[in-house]
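After this come two complexes, each holding chain A, first together with chain B and then together with chain C.
After this line comes the complex of A and B, so read on.
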């Protein structure tokens, strides 16, 4: 046991003496959650639009001001003719052009349908689609008010946003940030640190010690386990106290699932290090096989339901996907173990498979 | 010049002889481009609806059929109590619950208005917002349909203004058209920054740098010898990605290829210089990787790749001005999709060039031949 302690202490020294890495290890979760909390959003605010008003009458002006009044749009100028539209889009400063045709307001009072023409820059299809939706919303409001007297009756939808009443983006991102950081610290750092010993030849020294190979590996991963856990705590605390992301469910369960995921990531890191011979290979392997799928296929940024079917199937083998679902359920919905047992079971299964595979692959002898 | 030539030869041999690196360098990015481009989709369709109808009237059934026929919604089940719906929401089997209260039809006929309840799982705010928008649209249409059906010549005619729209540069709102060029930038940047940041520090860690330090090689020759092979690899990488984008995803390349390559070339020098600089200030590969990762993540998130920069708050938008990835993503989208010409991307080019000169200068300056 004393020997084992000495090993763990040695690993801690490795990490603690590297001030820069340590700084980033602590700084990274903070920076990321601040970015996601404040800067990363799909909400459109004040998209610059231009108006091409051929009609120049009371109705066209009223609608223009109604559109610009909303928080979604900002008027960035008027165009003179159709020929200017393309140029306006080219430098990327205009997201949409609203065109009122010549005879726009004429006949309006007589009930003949009038049309506004919207031209959106669809290089970003999301934004384009939302902008058009917002204008349609403004027009629908306008129509409703104009025809209030002649409508026989109205159905109103009372909308309630469950679990995230203010539609805060950060609610959605917190579980994903935890998953990514845990993958980074546990899987990537561990795999590189073990491969490093191999590459520099110090692994030989370790293997020649009276410690068993299992103990060596466990001693190696303990500091990373503690660090990862610390990172997860930082994110949860920042989420809770800065962004007021609730933790509706049981904190113990949340931390338990987090710990399980850390174990999973660590065993994955060990597995990678048994395959890779150099740090560079270990890095690129974990980067390409772990980090990118964790970011893209786990439902962190892009919803899994929106993916094509083959990718939805592939996403099943991305461990982070299950972790994120479980964390969201616990934190935001307040679900208990009886709701998320499936996710927990899957994560356990992954961990066992990775550990078994690393034991099979681990060689005590060097070639 | 001859010295640089030898150094380049050495680097290439090292890369080619490393069986582990080559497939990762070339196969993985293509796989990633393919997979990620299909995955990166915000499009929301098939929202799962749970229907609670406490009224069971003609009107409520008519409304239900409207939801059934919408391409945005999938009716996954129906029940009679809110509790059932709440459970479905918690299990993730439903995205929204629509509840028609008792006496819905009666209230409509008596008071000319009826309320229905819409409960949405809002964990994903964007999705919830769209869901609410689509649902309200259906209800609005339903309202005006009833209105038209009941309209009598005695009433004043409806005054409606509607919108027609056209989507330029991407008429079918293909999300891949938007994402693929961006992901291409991402891959070129990541490979470039990581491989270069781990390169010099690797020699340091393994001790082989001492052998280079005792040669008469000048500092700039050393850096150039490291940079040029990676620059060539980066361009090959970019070419492969471009071919995949064109052949697999049919992404249009409206603008000039020459301009695209010119910009990529300048950009790569900048990215590689950044990696080199990290490499010269760190002592271990792990450290280098970690620092590179940290900056890349921040740069990527703030680049406008996933979420538009205009949506960010003012201060965050200002920060993105020092983000080099932002400029490349802007340029690649402008040139590939809108056919922007040289004068439109001039300012971005100047910024990247200045960046490149500064960062490579720093790398040469920081590289010490003496310990």
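After this line comes the complex of A and C, so read on.
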């Protein structure tokens, strides 16, 4: 136990004395959550829009003002003719042009032709789609109010977005950021710190000491376990208090699943360090084998359901996928262990496999 | 010199596939002597030492270190020997005091013992004023001496030094050997590998290793007479280039 303590203390010295490590440990979670919370958002606000109004009547003006009133658009000016449209898109002063035809209002009242042309900049397809949807929403709303009395049969959809009523992006990102950071801190940093001892030659001295290899590894991993857990707490706290992401379910269960994922990441880190001989290899392996799949295939950014089938199959072996599902369920839906047992079981399975593989690898190396 | 042995090696072999890095070596080391383990790079010195300190399992043969069997008692061997590896083995981002405390802890010394040992060590190496300096900021000679002292922190009966003076300037090497003498004079056995032939003269007895085998074993004088050479360099050339043996 004394041996163990001396060693853990030393490991903390390494971490606390390396500015870069500290920066990753403390700076990364804060920067990531602020970045995802504020900057990277799927919602569009104040997209520049231009109006080409051939009608210039009460109806066209009313619709224009309804569109511009929404938070999604900001009016950047009126166009005089069709010829100006191309230029407006080219110089980037608009993302969308709404064209009202001649006699729009008159026709509208007479019920002859009710068309508005929407032209969107589809260099960014998602944005273009959203903008078109927003304007269509305004038009539908306008129709509904105007026809309330005249149309006897009509079906209105009343939508309710459960668990995230305002469709806040940050709700969705918090579990993903936790997964990425835990992979980074637990798996990447431990694998680098273990291979560093190999590279420097201190590992040999440690192995020649009365400490057993198991003791060495556990002592090396403990500081990262504590720090990873702290990182997860920082993200959860920032999410809750800055971005008001709810924690609907049991906090104990949430922290328990987080701890399980940390163990999994640590065992992956150990496995990498049994394969890699240098810090550089460990870094590359961690980035390629852990970070990329965690970001791309976990459902964090791209929904698993919309991936091609082969990638969907591969995503099954990305541990973060299961962790993110479990965390979302606990935080947003308030699910209990009874609901997420499958994910928990899968994470346990991964952890055991990685630990077993590390022990095997380690034994082979000693022979 | 007594007939007791602290290291007893018999027909030791380490094979990697068909390549025998250590090929059937046998020798004894007596308590209190400085035993030099010489050979060119790649002759098998490091492989042999790694088996003796319990890091690697031999392919076949027997060895006994400080009364413990290298197959069954590796844990006991580790507690009872000191080891300084080829690469520098202290932590550069820890201070002198922290390094001493760490290795004291690893070797199971009590808190009180570590404090008194630290004091004694700093005094002997005249490093008292540098106790809280990072290892990184120390000159190489001091680092080397400190690494040696730290390897001896649990006062083992025998210490294994694997090319402790590799890449070190002649003055520092000289100082380092003074420290080795000082330690040997207290009765500690020193097992040292080197490829510097001039260092062979400092040893009580030496073994010359060539491609996994021991080609010569004895005191420096015995070897020089045996190979009719003026100095150890010549002995080495005769063994390595002309394939002569005297084991």
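Everything below uses one rule, namely that the second predicted complex is superposed on the first by the 342 of 367 C-alpha atoms of A that agree within 3 Å, B and C clash if a C-alpha of one lies under 4 Å from a C-alpha of the other, contacts with A are read in each partner's own complex, and residues count from 1 in each chain.
Assume a residue touches a chain if its C-beta (ideal position, glycine included) is under 8 Å from a C-beta of that chain, and two chains touch if they have at least 3 such contacts.
Nothing here was measured: the structure is a model prediction, and the numbers come from that model.
Visitor: Looking at the overlay, does A:305 come into contact with chain B only (first), chain C only (second), both, or neither?
Guide: first
Visitor: Under the stated touch criterion, which partner chain does A:159 make contact with: chain B (first), chain C (second), both, or neither?
Guide: first
Visitor: For A:213, is the partner it touches chain B (first), chain C (second), both, or none of the two (neither)?
Guide: neither
Visitor: Could you tell me if A:6 is touching chain B, chain C, both of them or neither one (first, second, both, neither)?
Guide: In the superposed model, A:6 contacts chain C only, not chain B.
Visitor: Looking only at chain A, is it chain B or chain C that touches more of its residues?
Guide: B
Visitor: Looking at A:316 after the superposition, I want to know if it touches chain B, chain C, both of them or none. Which is it: first, second, both, neither?
Guide: Neither: A:316 stays clear of chain B and chain C.
Visitor: Could you say whether A:18 touches chain B, chain C, both of them, or neither, answering first, second, both or neither?
Guide: both
Visitor: Looking at the overlay, does A:200 come into contact with chain B only (first), chain C only (second), both, or neither?
Guide: both
Visitor: With both complexes overlaid on chain A, does A:126 touch chain B (first), chain C (second), both or neither?
Guide: Only chain B is touched by A:126; chain C is not.
Visitor: From the superposed pair, tell me which chain A residues show up as contacts to chain B and also as contacts to chain C.
Guide: Common to the two interfaces on chain A: residues 18, 200.
Visitor: So in the complex, which bits of chain A are touching chain C?
Guide: 2-3, 5-7, 9-10, 13-14, 17-18, 200-202, 204-212, 366-367
Visitor: Under the touch definition given earlier, write down the residues of chain C that touch chain A in their complex.
Guide: Interface residues on the chain C side: 53-57, 75, 78-79, 81, 83-94, 98, 101-108, 110, 151.
Visitor: Residues of chain A touching chain B in their complex?
Guide: Residues 18, 20-21, 24-25, 27-28, 31-32, 35-36, 38-48, 59, 63, 89-92, 95, 108-111, 113-129, 132-133, 135-137, 139-140, 142-143, 146-147, 149-165, 167-169, 171-172, 184, 188-189, 192-193, 196, 199-200, 276-281, 283-285, 287-289, 292-293, 296-297, 301-303, 305-308, 310-311, 314-315, 325, 328-329, 332-333, 335, 339.
Visitor: Across the complex, what residues on chain B touch chain A?
Guide: Those in contact with chain A are residues 18, 20-21, 24-25, 28-29, 31-32, 35-36, 38-46, 63, 89-92, 108-109, 111-129, 132-133, 135-137, 139-140, 142-143, 146-147, 150-151, 155-171, 173-175, 177-178, 190, 194-195, 198, 202, 205-206, 282, 284-287, 289-291, 293-294, 297-298, 301-302, 306-308, 310-313, 316, 319, 330, 333-334, 337-338, 340, 344.
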